[in-house]
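Look at the two complexes coming up: chain A is in both, with chain B in one and chain C in the other.
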Partner chain A sequence: MSRIPFVEERNGESIVRVPLTRGLGLTPVQAVLVLVGIVLLFGLPFFSGLVGLSWERLFRGILFGIAAVGLNLLLRHTELVSFGHAAFFGSGAYGVAVLAAHYDVSEGLLLLLGAVLIGTLVAIIIGYFVAGYVDIYFALLTLAFNQVMFATVFRSGFFNYNDGLQVRIGGDRPSLFGLEWTTLGYNLVLYYTTIVLLLVMLLGMWKLINSPFGRALDAIGQDRTRARFIGIPVERYVWISFTISGLYGAFAGGVYALLRLHVQPEPTLYVFVSGEILFMAILGGFTTLVGPLIGGIVLVYLLEAARFWVTYYHALTGLVLLAIVFFMPKGIVGSLPSIGAALAHRRHDPGLVREDIRGIAAAMRRAVDRAITTVRIIVFGVN
Partner chain B sequence: MSQRDAAVDREATAGDPLLEVSNLSAVVQGFEVTHGIDLEVREGEAVALVGRNGAGKTSTFRSIMGLTPVANGSVRFDGEELLDLRSELIPKRGIGYQPENRDLFTGMTVEENFRLPIWTSGRARGIDDEDALVEDIFDLFTELEGRRNAEVQNLSGGQGKMTAIGRALALQPDLLLLDEPLEGLAPVVVENLKSYLHEIIKRDISVLIAESNASHVPDIVDRMYVIERGEIVDSGDPEVLAEDEEIQMLMQGGGE
Partner chain C sequence: MIESFVTHTLNGLYYGFILFMIAAGLTIIFGVLGILNLAHGELYALGAFLVFSVVGFATGLVASPTGTVSAIVFGIVVLAASLAAAAILLPVGAVVESVFVRPIYERDEVYQLLLTYALLLIFIDVMKFGWGQTPVDPGVYGTLNRIPTTELVGFGYPSYNVIVMLVGLAVFGWLVWFFDRSKTGRIVRATAINRDMATAIGVSTDRTFTLVFAMGAFFAGFGGAMVSIGPGTAFLEMGLDPLVLSFVIIVIGGLGSLKGAFVGALIVGVISRWAIWLYPPVELAAPFAVMLIILLFKPEGLYGTWGEIE
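And now, the complex of A and B:
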């Protein structure tokens, strides 16, 4: 029954499945890509020097990517645009910070568990209020909840205002698996623990979206009335998916706090963070499961790398977004199949490349002609 | 009125009332679009609701399904008041609804469109063999068998209607509401679909069919209501009503 492929849109073509991946419903190509992805994730600390960025920074990209994977459950399936997912990322981060700073919890995994519980609780509460809304109302409500949380934390002494909280227990960083680590050891253990949990979470999400529940979410996304008259309890299902979505964000935020050891409102709770998480999902390809994760890594890489190259590096995000919307509306991962097909066509028939060039040349000629005509009319008037 | 009384007398033997709509006024965007609709479907009965486009057929169906607000009136199904229920519970009580525009779940296959209601409402309907039920629907609509794994947006008009009816049947309903199942189809497809409807009616499911063409339904239904401007204006034997000149005038938009 599970039919939705790793990468969508194959127009009813029958898909060959290798026995190994049958349970997951992957094609051989997808299975290879998944393996390559897993190897890259596990190898990241060893070859990140090649891309000119420390792996801890890319780790941060992965964390925002996880939040984007969560957001994408709403975006892709129930077709709801949340502008407030930093609320869960921030809840997770502050969950860790508060438990460490105020309650002296010193074990990192306990902190993470607490953070996930707190973030999920926040998602349950917000979800209760927003599940009945759609479109712009849903977007604005999530934004409003996010903003309320930010403003509260920003103004509250309990959260130490703008300065934020240290994730330290009497000056020490938390332990992991009950052991104290050096800085590098701590980061590596945290990284690999996160990667293992990430793979479990991706598998869980994959199973979820291919389950009857996932199909029901698709149905809700298409038309709520239509979903109701076959008996789908729309609000309750949206509420559940919103909560799951928030859980992913809370997990990501919790790990972020453990990595940074210092949680401030602006990088974790501010509504711009919500926008970035949304942007990551679109950049990576919201029609796919892993697209948002890749979008998170790519965006953080672009932001961090560009900081050294250009003064107005934030403009770069805007330019990338424009390019994506105009040329790759399905995002990086979502566009892979069509790019692959186009390349295969051209390898098959080199004449197509010549046609491409001719097409581009013709388009440029037309643009120039039009510009000349416009100038002529402005300067000389009609005729 | 005497004709109507006679019809009620004749049908009194058909079984207990399953659906009783009384004095129902549906509201669309603040306007009352039906005015005190009274109709009834008995167990095992096939009934048609005939009227022109805009007469209030779809609004009546939607208010039975809890999808349109109601100003007053009552909808009792199997003795239970449906207007008090949340709309998603109504299919679980046993009403399958085929909306006028096919309203299928695009991006999913025909089979998935059949399975979705079973997944979400199957337990409430006491369905324990999901596969058998799906096969049963494909056995009925033999034409769909070959399109089982086609995504529904690639279906023809007739196949789409069949899928929408099949999806309603997947609830194993006691009552089917079919909103213009024959509308917009080529004559040969209409005949084809009518034979399927006949097949469903024979299965002991109660059926309420909305139809804008009075001549389509007499050979498949037991009883007929005529709706005009949101009111039931006549009811009775479909053969008699379909021949009635006044009704024919009404259907063509000339009557008053």
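And now, the complex of A and C:
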């Protein structure tokens, strides 16, 4: 086929693609971005201090981002809005905590494995019930399951009520790879294990959404009836994707518990955590694979750290989300290509900037006009 | 046993009426506009904070009650002040609808959720700016209870709860009258059923939607006012739990159904108070369990809907 490495012939054009796995490749720009991303992820514990960011907080953001990547499988492909993904994040976290606190499992990786199994089991059970529902009913059903779990944990002595469980066995943190670590060493080993697994999971998700199964999910998202006509077992496929999506959430929750060493119901299981996971996916860009990850980092940072910068940190986060809704509906990562193209145009032709300013002024004038009309309609009943 | 059964059922009904006032707004907004308003709980909280300021001002105008008659006058003043406080939410709701919500009717529902969540966060800080971090309490609960009600039939029960139940019943009655009998209400229903047709016969859908959102905000705020004049306080996070319970209620009753919201609210209120009485650990989970059963076996809810939702 192609003689020069990395060059493919498609529709008479030669496209440079970096093959990653069979049949899948990246454009050179994407390949460079992926490399930069991987370097950033691996260097994060060392870089973050230099620019004044807290590495542990970024780590937590990455974890919620992983859950959002899982949720995005449902949101992007089957077009189902899950409002209950904290159920899996929480079962992962509580899986670790219960195994450590009640069964004295002291190996971190074993705890993580148990957490993923428990969370996946929960996803299988919930998915069985919700797979046949769409739209608002799907969202509300997942929300209800999530809240039942939250309320049960919150009021049950086995999970130690509101105070939550410690992930410590006789006062010690779990071992990783069979070894005891210092605080910093433990966090670093946990971080790098997570990053390696994260890369594997992202690759797996990428393979999955480009496989025939992923295409079938797209078909289900676009029109369930037609998907059924062409022989796709809709409910079963939704159930499977729901389970996979729950697996990502459970993994993230398990690592979260290992990092925090203390699991409480409100930061892991509450319904607003579900909402946050959903909004991370949109904030980062739910039309992309890595967008939810970026969204997770940004939103967790905003929600946790903004309180140290401004008094009204809720409003700051709210304004960022408003900006996303009105100006960047594709999210941060999803908007990058169009922003890049627009900037390139401007550099090419500086006269466009003046037109932009004129456009903004016109838009503001229109908004004021509309507001005046609205007020007139409300006050006088006629325009 | 009988005594405590009656007390807990009454408590449940009281709680249910409060929840109804919140859920009624949520359900008419969802039924007509097709938007699940996550900021609705914050409108409720805003009402609770506003009533603190308005009632504080209004009760300063009347003397502290000494006898039954002056206690009733005091109660009327408090109720009027609550109405005034909730009325402030009418323009708030109108502005929120016309500025923020109107541009996104045609967008994906995830954006509607994201937008109302953003509004929720902003509202929290608006209240933090206005009233500070510490909970506030108008402190009229004790005085309201000096109005004699149940004592007249030889049964001890706080008069405040009785007043709230009567107010909730009045709200329900007014809403039913509004949507069934009044011309504006029928226009709203027509818009909910068919937007294009309503526009074709000369209804301004923009105006209808603004009205509905403002009404929803008003009743949420009124519910908040009713809580705030009771033993509870107004605090920043108070909107979250009632919001989630309102979802439960409108699902049980049927999305967009007013009667459904009423019955659902009473069911949720009574069940959660019975749970507190009989087996406290299930109190939080019980409403959601009911919601699950309804969704799995009768997803359209007890009453279905009176408007087709796009």
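Just so it is clear, the second predicted complex is superposed on the first by the 336 of 383 C-alpha atoms of A that agree within 3 Å, B and C clash if a C-alpha of one lies under 4 Å from a C-alpha of the other, contacts with A are read in each partner's own complex, and residues count from 1 in each chain.
The definition used in the following text is that a residue touches a chain if its C-beta (ideal position, glycine included) is under 8 Å from a C-beta of that chain, and two chains touch if they have at least 3 such contacts.
Everything quoted here is computed from the prediction, not taken from an experiment.
Participant: Should A:128 be classified as contacting the first partner (chain B), the second (chain C), both, or neither?
Facilitator: So A:128 meets neither chain B nor chain C here.
Participant: Chain B or chain C: which reaches more residues on chain A?
Facilitator: Answer, by number of touched residues of chain A: C.
Participant: State whether A:192 touches chain B only (first), chain C only (second), both chains, or neither.
Facilitator: neither
Participant: Once chain A of both complexes is superposed, is A:319 in touch with chain B (first), chain C (second), both, or neither?
Facilitator: Only chain C is touched by A:319; chain B is not.
Participant: For A:216, using the defined touch cut-off, is the partner it touches chain B, chain C, both, or neither? Pick first, second, both or neither.
Facilitator: first
Participant: Report for A:282: first if it touches chain B alone, second if chain C alone, otherwise both or neither.
Facilitator: In the superposition, A:282 touches chain C alone.
Participant: Does the superposition put A:225 against chain B (first), chain C (second), both, or neither?
Facilitator: Only chain B is touched by A:225; chain C is not.
Participant: Looking at A:140, would you say it contacts chain B, chain C, both, or neither? Reply first, second, both or neither.
Facilitator: Touch status of A:140: second partner only.
Participant: I'd like to check the shared interface: which positions of chain A are touched by both chain B and chain C across the two complexes?
Facilitator: Shared contact residues on chain A: none.
Participant: Across the complex, what residues on chain C touch chain A?
Facilitator: The contact residues of chain C facing chain A are 36, 38, 94, 98-100, 103-104, 107, 109-111, 113-115, 117-122, 124-126, 128-129, 204, 206-207, 210, 240, 244, 247-248, 251, 255, 280-285, 288-289, 291-292, 295-296, 299.
Participant: Over in the complex, which chain B residues touch chain A? Could you list them?
Facilitator: Contacts found on chain B: 65-67, 86-92, 97, 99, 103, 105-109, 112, 115-117, 119-121, 124, 149-151, 154, 167, 171.
Participant: What part of chain A is in contact with chain B in the complex they form?
Facilitator: Touching chain B from chain A are residues 1, 3, 11-12, 212, 215-216, 218-219, 222-223, 225-234.
Participant: Over in the complex, which chain A residues touch chain C? Could you list them?
Facilitator: Of all residues in chain A, those touching chain C are 75, 81, 83, 129, 133, 135-137, 139-141, 143-145, 147-148, 150-152, 154-156, 271-272, 275, 278-279, 282-283, 286, 311-315, 317-322, 324-326, 329, 371, 374, 377-378, 381.
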